[in-house]
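Common to both upcoming complexes is chain A, partnered first by chain B, then by chain C.
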Partner chain A sequence: MIPLTHYLIVSGILFSIGLLGLLLRRNLLLVLLSIEIMLNAANLNFIAGSALHGDTGGQVTAFFVMVVAAAEVTIGLAIAVLLFRKQSSVDTREISFLKG
Partner chain B sequence: MEAVLFYCSSALAIVSSLLVIFLPKPTRALLSLIITMTALTVLYLLLGAHFVAIAQIIVYAGAVLVLFLFVIMLQGTAASDLPLWKRFSPVFITSSILAVLLFLSFYGRVIGTFEPGAVKGAAGDVKSIGLTLFSDFLLPFELTSILLLLSVFAAVALAKKEDI
Partner chain C sequence: MILTSAWIILGLPLLTAVLISLFLLRSPKAAGILGTAGMLAAFALTCSLIPQYTALQQQGQFVLESSLPWLQAGTLSLDFGVYFNGLSLVMLLVVTGIGTLVFLFSTAYMAGDPGYSRYFACLSFFTFSMLGIVLANNLIQIFIFWELVGLSSYLLIGFWFEKKEACTAAKKAFMTTRVGDAGMILGILGLTGFLAAGNTGSLNFTAVAAALPSLAIPEFWMTLIALGIFLGVVGKSAQVPLHVWLPDAMEGPTPVSALIHAATMVAAGIFLLARVFFIFEASPSALQVIAWTGGITAFLAASLALVQTDIKKILAYSTVSQLGYMVMALGLSNAEAGIFHLTMHAFFKALLFLGAGSLIHAFHSQNIWDMGARVQAEGGRFYLFKAMPFTSFTFLIGTLALMGIPPLSGFYSKEAILAAASHSEAPLFALAMITVFLTAFYNGRLFTLVFLPAKRSSAAHDAHAHPLHEGGPAMVLPLVILAVLSVFGASLPVKEWLAAAPQAAHGAAHHGFDSLAILSLAAAAAGFLLAAGLYFKRTQSLRQSVKVLAAPGKVLDRKYFFDEVYDRVISGGQDKAARYADVLERYAFVEWTVNGLGRITRSLGDQLRRLQTGIVQFYGFVIVVGVTAILYIFMAGRM
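So, the complex of A and B:
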């Protein structure tokens, strides 16, 4: 039996990698992909907690996280397509037209 | 057997998620994210969450990432990032230090002091998930249906905009 802390360590490493990608990537789509990594790390924690307590609530919460991720991806990608139509680039450094 | 599966698939998940954030071409980064998702599915199966594992493959690898792939391919080569060796900068070093500090604080504050008792193991089949979903989590379930409906409206309203 694998100790539960090992699952938590894997989840922590994945979350940190996702944060690193969020800070490093310049492409809007790849920033969204890094957010997906972070959400999956959180899901792994939820499911590990569910196994620890013998309660299916954690798995249901992981399911809700998936639903929210799908909604977030839909709107994020729609915004990315709009940006690409407007200035034919999704570079986060060039998205500054909200600056006063 | 279980330990071999666990360590192999967690190593695969970590390596492929590192590839996601470092590969310059978006298509390749996306395909390695699919490998990460599949490796995480193995971890979910080891924890006994069968339904969530299958939903992970169908919803994430099947639907969300294919949607990503479509949008990335619409943009062609304009979306490529700089190669890795050209990206070392103060931002890179600061972000790496931040990420390592984040993990160390997780480890020191949460995981290091955490004393898990005996793992009880939860039932992960469709029946028990459904019973929990429709009794204890009924209100969040209805709220997510509203969230999905609103996100469909938002996506259609954004995508049909003519003058931007």
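So, the complex of A and C:
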């Protein structure tokens, strides 16, 4: 039996990788991938918790997260395609329509 | 029944004013007819009240009142109502009666004026405001109509607003009376305070009169309250030192002057004094101030009339002087004499003004020297009596009545006031007597110069000028009616109507020729004959041949420096204060406070705007930092 701490450490590492990718990557597609990684880090926590307590609630939640993630990626990719069509680039530095 | 009629009388002029200004602005003829008909109806209704009221008087009922609740504020309750007694009846007769004649005269006098309909709308509104004062049953209501009279006089004095002098005069009248009104509202507020302290929430005359004795207001405050209200009277009735607006108000059309001087505006002050006399009675020192103000006004105004060359200004100062008599009578606790003189004065002063209007209509000039020169050229002495017989004879009657020659109406009313004065302090009586002399003198001057100049062949005769003629029946009829009233007015039972309590019939109205009457008659005759003698052959001002008169003449020309002092005070005090206030407002309030706040906000926004980079990852970073910080703060305590 792998102790809970190990799961949490792996999940923490995954989350941090995802977060850094989210904040630092220039490519919009990789930013979306980073978000997926963060979501999966969270999923790992849910599963670990579920196994520890013998409760299926955590697993169910993980499925929900996957569904939401799929939907989110769909929209995210659509936005990426539209942006590419508009300015032939998916560099996040060049997306600054909200500049005040 | 009386009260219903009173409400209708109050409403009629308002109705005509509204109808004219809504529908008849483009049909002057109909406007004139409607206005005159409205006034005539009001006058007829008022006349129908006389027998009803005298019948009630016989049964011992003197006051009728009907009121609608209007405002409730805490314990204070204001009504809107009608208060009817003998005083109201007399004033209603004067206002609607003189009003009808002035309306009739105006239909001819104003013919062809582009503002004809507007004139009648304003005139109706003016009458409505005055009737509101006459019928008001509480202090606040009277104040509201008081202000409406001020407003409508502004509209009428400045009726020919394209003339700069008319605009200035209208403004002056409005502002000067406003000074008095400020005192009046302060007086009313002070009284309200004491009434509230005494648990009287009503400002109705009956309630105030009933509560006043039990309030025990300190002497000092009572005097202050009375003088505050009296200040309103000083403004409206043109007493010294607020008399300066009335002569200037001559810029309005002449029938308006007749209405202002005889029946409406200036009469409002006297009426208010009589209506709330119970307030003044409570303060003997205030009464003394009132009596002296009246006496001084009577004298000063009469002396100013001596040097005027404009026929309307002479009459204006004469009005101020006669108002001084009325105020003096009220100050001497003789309200009856004051109102009696007000009524008689309304007859002969309206007559004189309408007569002056008729002369101006014929001569196209207001200067008495010009008029005299024209008469000299046309045919000399008595020429006017042939050319304009109605105007000339009625003017003569008005002049004699104003001087107080028996048996004309002015004699009886003036005698009553002089009798009251003779029982008071000697200097006051002397002032009143001198004024009788001066009144006769300026009347003699006016009459001699205009009607009796010698024929001079050398005078330039302008053959192209229209011959002098009367102004048509609508102008002659009011003159004749007013002349009849000026002669027989004193036999109207005014004093019986005014009686507020049952009294034994007394024949005081005619007290025969006592020494007082002989004295005043001698003064009047001396004044008139002296003036007639001095001006009989004169073609230029008296001052040019009699050098002694140059200096006092100059003082009178400059109207005792009242206007100059006011100009100085206003330009030195008010204008300067206004300039400082302007600077204060411009910089301290607008520039620094309002605009300053705006600028701070704008520059803050400018700085904060830079935070919005538009780069989503930066927002993400800020969120992460923020969430981390929040988590740290909440978790730190737990670990």
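Here is the rule we go by: the second predicted complex is superposed on the first by the 98 of 100 C-alpha atoms of A that agree within 3 Å, B and C clash if a C-alpha of one lies under 4 Å from a C-alpha of the other, contacts with A are read in each partner's own complex, and residues count from 1 in each chain.
One rule holds for everything that comes next: a contact is a pair of C-beta atoms (placed from the backbone, for glycine too) under 8 Å apart; a residue touches a chain by one contact, two chains touch by 3 or more.
Note that the structure is a prediction, hence the values are computed from the model and not measured.
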{"item": "Chain B versus chain C as contact partner of A:Leu32, first or second or both or neither", "value": "first"}
{"item": "Chain B versus chain C, judged by how many residues of chain A each one touches", "value": "B"}
{"item": "Which superposed partner A:His6 touches (first chain B, second chain C, both, neither)", "value": "first"}
{"item": "First (chain B), second (chain C), both or neither touched by A:Ser96", "value": "second"}
{"item": "Partner chain(s) touched by A:Ala42 [first = chain B, second = chain C, both, neither]", "value": "neither"}
{"item": "On chain A, the residue positions that both chain B and chain C contact, one per complex", "value": "19, 23-24"}
{"item": "Chain A contact footprint on chain C (complex, rising order)", "value": "609-617, 620-621, 624"}
{"item": "Footprint of chain B on chain A - complex, ascending", "value": "1-10, 12-21, 23-27, 29-30, 32-34, 36-37, 40, 43-44, 47-48, 50-60, 62-64, 66-75, 77-82, 84-86, 88-90"}
{"item": "Contact footprint of chain C on chain A as seen in their complex", "value": "19, 22-24, 31, 92-93, 95-100"}
{"item": "Chain A partner contacts - residues on chain B that touch it in the complex", "value": "2-3, 6, 10, 13-14, 17-18, 20-21, 26, 29-30, 33, 36-37, 40, 43-44, 46-49, 51-52, 55-56, 59-60, 63-64, 67-68, 71-72, 74-75, 78-79, 81-82, 87, 91-92, 95-96, 98-100, 102-103, 106-107, 110-111, 114, 116-117, 119-124, 128-129, 131-133, 136-137, 140, 144, 147-148, 150-152, 154-155, 158-159, 161, 164"}
